[in-house]
Amino acid sequence: MATTSITVRETPLVCYLLRRADDALILGHRLSQWCGHAPTMEEEMALANMGLDLLGQARSLYTYAAEVEGQGRTEDDFAYLRGERSYGNLLLVEQPNGDFAQTMARQLFYSAFIDPYWRALMASPDATLSAIAAKAEKESAYHVRHCAEWLIRLGDGTAESHARAQAAVDGLWAFTGELFEVDEGEEGLIADGMVPDPGSLRAVWTATVTGVLAQATLIVPQNGWMQKGGREGRHSEHLGPLLTELQYLQRTFPGASW
Amino acid sequence: AAQLARFEARVADEERIEPNDFMPAAYRRTLTRQISQHAHSEIIGMQPEGNWITRAPSLRRKAALLAKVQDECGHGLYLYAAAETLGTSREELVEQLLSGKAKYSSIFNYPTLTWADMGAIGWLVDGAAIMNQIPLCRCSYGPYARAMIRVCKEESFHQRQGYEIMLTLARGTAEQKEMAQDALNRWWWPSLMMFGPPDAASSHSDSSMRWKIKRFSNDELRQKFVDATVPQAHFIGLTLPDPDLTFDEAAGHWRYGTIDWEEFKQVIAGNGPCNRDRMATRRKAHEDGAWVREAARAFAEKRAAAKTAEAA
Amino acid sequence: MATTSITVRETPLVCYLLRRADDALILGHRLSQWCGHAPTMEEEMALANMGLDLLGQARSLYTYAAEVEGQGRTEDDFAYLRGERSYGNLLLVEQPNGDFAQTMARQLFYSAFIDPYWRALMASPDATLSAIAAKAEKESAYHVRHCAEWLIRLGDGTAESHARAQAAVDGLWAFTGELFEVDEGEEGLIADGMVPDPGSLRAVWTATVTGVLAQATLIVPQNGWMQKGGREGRHSEHLGPLLTELQYLQRTFPGASW
Amino acid sequence: AAQLARFEARVADEERIEPNDFMPAAYRRTLTRQISQHAHSEIIGMQPEGNWITRAPSLRRKAALLAKVQDECGHGLYLYAAAETLGTSREELVEQLLSGKAKYSSIFNYPTLTWADMGAIGWLVDGAAIMNQIPLCRCSYGPYARAMIRVCKEESFHQRQGYEIMLTLARGTAEQKEMAQDALNRWWWPSLMMFGPPDAASSHSDSSMRWKIKRFSNDELRQKFVDATVPQAHFIGLTLPDPDLTFDEAAGHWRYGTIDWEEFKQVIAGNGPCNRDRMATRRKAHEDGAWVREAARAFAEKRAAAKTAEAA
């Protein structure tokens, strides 16, 4: 046996589902890393809640991907048996937790995009997609609110929290452009009316984010250069160690049930 | 004195004492200590299981484990709230934990070494906790009793989940079964210690019994736990790590061997395998979060001031 | 395939070799984690040097274990394909790097034991063991000197470095008792004159360590309680994540050559 | 003016300039910048490979990688020492790196994503570095030339080691071969960029050439590298990610396609995939080590004072 990895039978829809699932899994995993380390008990609960929402979304999307792929795979095969170069998540979601401000900024940037995205996806003619989106949208709406409140508190709190919040926003800004990127396969799905065009949500995203930053007395970064590569599996050096931990048991006991 | 007599009478009548009712200082002290220790245990208890969230072997297990640890935090929250009704603030109670003045359940000073420990903790540790806590649902102090009802319900879900993890492993590959047996071997005795010292050596019990804070002795609860758990182990084909374990047909009880109370004493004294790490992790989380809590406070004050200014 | 792990054919000598090898590998791995993060460039070189010495020792010991076991195994099988419960290293060596003072204290505690140990092992009638010991002894003598010098500098440096050094010594002290523990299998080897009795080195170890601490103006901890369990595979929660990282590729590509 | 003329004459005669010799300010400045940039590159260059030390797939590879990264640190040390002979202290040079004032080779702003990247870096990045550095072994400035001789010897060992990693992967399982090809695809173009902008667009070159700091143009060195590397790739069965690559029989050169200089510009400008992370890691190491360096200083002063007191 030369590998414990799977080779996915890629179609535009499978690729699409895996990418969105990867986003949710990786971000959910990051949030779960906070467990036991949050700044307050209430926030401990909130971070776990958001993490659980994201894990749940990932599971639905992987499960649907397995169905569409039709190779008898399960959600776990996709999560545990693909290497770093096969993961198609956004660079944004794999960025380390950093301090609490960084986690909140990362979450706001993602949620402010994905919330209207799920809303738009609810109109998909694909009933499964539409149902997944409807459930996810309720969750992401809360994430936006929660993170916005915190970012405002931190930005307009103490000098230290302001500085940390600004540093978080500045540091993560370059990863927000990728939210709106699509490749050929996804373009096809968009053209077919299966899924919304992320580009069409840019104005909403910008309005949400700049609104929150203004209330938080934070400056919107001006550097326009945007990083990309996550969708093609060109990740930062932060994803590999995350997957190493995530996948260890499945790699060590191939085929076992847990 | 009349107040005291009325209090004792109410307790004897199984009435619930509420926060604004009269209660003896010793009752308040005992309860505050017990409830806050219980709260601290929930919070520290997040660590051993938290250790496996990022390495859980399936998405379903990962989500269940995260939810479970989150529940523990929730229990901590109810319990601190219950303790606060007795007049000590959460900040103060947390400070007692961080300074090492307050204790937490010593079971959480053992490390989680394999995935099977997630099963063993749910099954044995939560199982033992439930045994201890079910009688507390009828505790004379209302807020504690009500918190316990909620906690017990969730714990019993966790206990079943833990047992199911063990069952899955025990029916899995040879290595998985070995993992399950190994976890049982390591967690069995510490679980028995969770009920506290043998009755002969136990303090506090007399007044706690009279005040209906405690309703069964340590040894009684421990025996109930053993009687409930041994058949569960056998059912999934695991062996208890106690060569002296035998079924006493006449009494209908499983008789267990000698517990190593020296180990218990050492763990309580701070010499368990993880005491240092648990406290260090908790303190670090608290310190790392200080700037966030401060920011929230500063922000709230600013907004309050702005509102006052507006109103003026 | 239900596992990528191996089952070792255990004999007293194989167990003995694996434990000593595990000590060296885990401590070497810890030192390698400093790479790129050391406080000075000179120390970057020194930490890597010590790490390389330890990795080299681990490789010799694993290779000899493979030979003695006679199952056609290689050094890598032992390092990469045994789980946490099969690793028999000391708890001391798996403790996290912490700050530089903790790394130096950990290294001194280990080296002050292993250096005279290797010296004693050079007298073994087993020629391979004796040769491994002779090479390792030259290396460990340098480790003792290097760490002693640093601990003295830190202890007798600034108020901050003194406090950190004392905290390091206090925190690691409880892991030093295990250096002198032996089980039945090793007792047999000692009785046969194959290997030295660690207990016989306690006085030398204590003299070295207390001498260094005195020069460092640091207090010798008085708490006599000692942790153990590493030799039986009852580790702290620090070993699992280390092995997860160490073993990931071998677990993911079973049987591949690198 | 006479001094300057003598300096130019010595350089033209291939004599080595030594630290105490007269040299023009611009020569000193150019060399300080170049040597320190080179030193910074060695130090930052530890990070991409350092990323895989704890995950190396065999003990032999782990040891070799750790030793390699250690060598890079050693190169950094020689080079800072060579730069110091020109009158700027190591502290000052390091400060320029940490403040972002000084540059380092932009190749190190790409991430290492798989184990094969350890092969690709050794083979391509060290290979390109050697091409750049071999002529520097004859650099007019003595300390730099001597440092380069030592560095080149070690780099060429690393280059062979990297190529051997690629060879092993290319002859391994299908997945390993794919990993090797993928690494080549990602590192090929950035390696070509290591030689700097095309000659038409390059600055500094004129005086550097005259002063025998530089002996070949960027494009000349790049061509040498391509000519040496393409057959090596073919030998192990890998494909260069350049559809325009063709062998020019007449000239005896491999002609490569158009380099994306916009990407190069962006990486230099701080927009590479890892610029932020590299600098953050470096700064953190420096800050985390501050108390250690301070302790060493304080200790040395104490001991010196004690010695003086003793002597008095």
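As written, the chains take the letters A, B, C and D, and residue 1 is the first residue of each chain.
Keep in mind that, in the parts below, a residue touches a chain if its C-beta (ideal position, glycine included) is under 8 Å from a C-beta of that chain, and two chains touch if they have at least 3 such contacts.
The structure presented is a predicted model; accordingly, all values stated were derived computationally and were not measured.
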By the touch rule set out at the top, what is the minimum number of steps from chain B to chain D?
2
The chain pair with the larger count of contacting C-beta pairs, comparing A-B against A-D, is A-B
Measure off the straight-line distance from the CA centroid of chain C to the CA centroid of chain D, and report it in whole Å.
35
Flagged in chain A as touching 2+ other chains are 2-3, 5, 83, 241, 244-245, 248, 253, 256
Residues of chain D that touch two or more other chains sit at 55, 173, 175
By the document's touch rule, what are all the touching chain pairs in this structure?
A-B, A-C, A-D, B-C, C-D
Going by the contact rule set out above, which residues of chain A touch chain B in the complex?
25, 29, 32-33, 35-45, 48-49, 51-52, 55-56, 58-59, 62, 75-76, 79-80, 99-100, 152-154, 156-158, 160-161, 164, 242, 245-246, 248-250, 253, 256-258
For a test of understanding, state which residues of chain D touch chain A in their complex under the given definition.
48, 51, 55, 111-114, 173-175, 182, 186, 266, 269, 271, 273-274, 276-277
Touching chain C in the complex: which residues of chain A?
1-5, 83, 241, 244-245, 247-248, 251-256
Touching chain B in the complex: which residues of chain C?
2-3, 5, 83-85, 171, 174, 225, 227, 229, 234-237, 240-241, 244
Contact residues on chain B for chain A in the complex?
43, 46-47, 50, 53-63, 66-67, 69-70, 73-74, 76-77, 80, 115, 165, 168-169, 172-173, 175-176, 281, 284-285, 288-296, 298-299, 302
